[in-house]
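Think of it as A, B, C and D in the order they're written, each chain with its own count starting at 1.
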């Protein structure tokens, strides 16, 4: 039976679009685990004191994951031919230039270069392997987090104007704050407040409440302005996050109401498996 | 036809009140873009290391935008005669003294002075050009952010007493905190806590959670009081922002319900364009 | 007519209970203004550089407000006899020992001592005049902030168990964090982490996100534990404020619904002045 | 009557499962107080300057609480035989290996070791007595905080996917931020940004807005990246707490509606004591 050909089975395992509403395939679950382990290994390997303890181990781990991702990439390009729009050689070329496949390629490339050179340290391009982290988002599609992600997306879409408006207000607040402190402190602390872009570093640290303490006003006028800026601006800069959280809550309640309504209306009757698949 | 006279067309392009419910005119969109670019140029030009790279460029950019805003101001005063209340010479004088036109004039003035002097550095008055940033708010009226701004305004209006009450509580907390730390630390750290206004700088940095770390209690009593102040006060000072975010969410839900109700009642029947114009 | 006797009129002006639902009396409005100005003067007078500029002015201002508050106190004790429970000499003694009157007396006492000594600096007891700030809360009763205060109070009452529970959780988090960092850093930084109470200073600064930066972990284990504590604890310590803000929003919505319902039912019919008087 | 045997009465006092819906027994209330006092004593005793003042007092207090908790443990194991599943010697062994009893044993062990050695300082294992703090959670079951705890739990359960999703996003943000700053600053500040795990310390301090100020970017690129990370990431890392607070509010409203509905339906009729027992 052609439907159960090897290529078809590989495709069903790798492509999240091959089985809508059936959750995440075993292969993709393993790939997500491999990506997370590989990312952890890349992160730890940048620390010399950790790498020094087991240089061979990190090299082996990298080689192992490198081969997995290279093979995955080749299998993906091969099996995507099952989808009509990517069939044939030309379809494969089309697929290779989709954004997802380009990210894949960029994240695989360092492994290939690595295998030719066999050094783990030095080159910054190795960090490109971390790009693979974003692949988790697409691989996990259809799983339980999809509903959460959809709610997040709906919240952003529904309140886009409030979000942009409050972000613009926060940005204006930042420019105004930086300008005020630039005027107040530029002669006393030219390094920290000698220009509006420099004062912006203070404004960001203050308005996000991070407050490293590397720069702060020292004159009376600067302290009074800085205090007023902190009191009035901190809430303003926190506003987009607050609006988003409230929107997410409202969207969640609405989705829940719709789902309960759907279930009450015909859920018990047809007994079908819900494609949403969760909560 | 007199309605389509040049002055009328200029007026329709410049005055947001000329075409309620029709969004932002092309001229105003271009002016918003010009203001944002000009503000970016003013901000960057204050940094000597950036200005040094291309002093001519910044001067050209400033000259360019300066002429645009001067011409805009003149056209605005000329074309406002289309509105009955500002018709005639006396009407123009009346218009020039409206708050919006005064801000316009103050923001244009530095360009005029600049053209007489042709230096970009030194004078603080150049920063006045940033005032133009606030013009964006009025120019964008009728656009998609108007609903967001209206919701923000309704939220503040509806919860004004809670907002003022919580702000007053936060202010009282600040005075009490500063007084306590002043009493605890004034002998040990006279520079930082030698008076209540000085201790206020610590109180603001602590209660907004900025925490620069330039001043902090060092005595045991001061640390205990400071810790209690931080634990009890941080939430209090964050309260106005929390109340506002909750109010904004409630107002948004209500507006949305009204809109859905309106649409259900007669939206489909008359098919009229909604003046609100957006979600 | 005995009802309009001088004592009765004074009482009606001073006692917020004399005229429920009629807002704040003129005398109390003036007293609130006097308290706020007096508090401002006390705060500014602690700063030597400000006091040095106009020592006579601050002394005059203090004398002026001192007499106002002393006369207010005497008039209050005298006129309270209009209320049956405080009538007669014995009733006055009873009144003097009510909490509000004790706060009044403590806040007035520094003025009396001041008048005997005529020095503005030195003694800490002068700060007691700031206690008067709390009087604003009782004087403003019946005014527009009363509804806001009532909503705040209802919110706390309705969610008291969630608030106490989350506060206890935050407190437990603080003890656990301090203990972990004490174990990790006590040998390296005995001054900052040599005991759990000392580590608590770090824990409070970290979990409230103030982060002065005077103390922080320096060992690898300490940094890992500190990072985990910050990530997991920051939200926990912010929880009581979040719960309170949500409760306040819900209470506000409910009050509003009740008010709208009341108005719809019999508001238009009787046309009576609402005792709530606002919103 | 065997039901009122001593063992049964001890069991009813100690086991929260012996009397569902009747609140907290007197013995457990006393034990909670003893635990809190004991925890306070353990915390204070780690501070040498406090312990030095009254070494005998701390030793007495520890001995006192030590005996209470040892006796409590023995009585608990003895009386648990009242429950069928833990009856007999084998039942007792089974009980001793339940998680709650193991925590009890670990928290009691330091006291036993202490009594053999009679020293309060030095050994880290003494901190294990703090584990008893977690016992408060189980002892307080059935009391007024149980509803609050249940609402907290329901909120987490209902929004588990949003919570995990936003936590994962925050975690990804942290890795990306640390990687960016590692690339920007690793050559200038190898100690602070020389590897991704090191840069993670900066990322955590920044994104939680703690901002100790021990590490911060110093290059222009690093400051621009750091500023962008702070602006975009601070809200993301605060998201899980915001989602949780909103969920808790929604769950509270729903529980309240259910309770009001229950009371309206048959509450007045049967007049029974509600097992929930609060609010």
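Criterion: a residue touches a chain if its C-beta (ideal position, glycine included) is under 8 Å from a C-beta of that chain, and two chains touch if they have at least 3 such contacts.
Quick caveat, the model's predicted, so the values are computed rather than measured.
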Reference chain B; chain at largest CA-centroid distance: D
Copies chain D and chain C - interface residue numbers shared by over half, same or different: different
Cα superposition of chain A on its sequence copy chain B - rotation in ° rounded to nearest 5: 90
CA centroid of chain C to CA centroid of chain D, Å: 31
Distance from the mean Cα position of chain D to that of chain B, given in whole angstrom: 44
Overlap residues in chain A, where contacts from two or more other chains coincide: 200, 205, 209-213, 238, 242, 245-246, 249
Contact set on chain A toward chain B in their complex: 158-162, 164-166, 168, 172, 175-176, 178-179, 182-183, 194-198, 200, 205-206, 209-213, 216, 223, 227, 230-231, 234-236, 238-239, 242-243, 245-247, 249-250
Parts of chain B lying in touch with chain A, wherever the complex brings them together: 39, 42-44, 46-48, 50, 124, 127, 130, 133, 144-145, 147-149, 151-152, 200-201, 204-205, 208-214, 237-238, 240-242, 244-246, 248-249, 252-253, 278-279
Chain A contact footprint on chain C (complex, rising order): 209-213
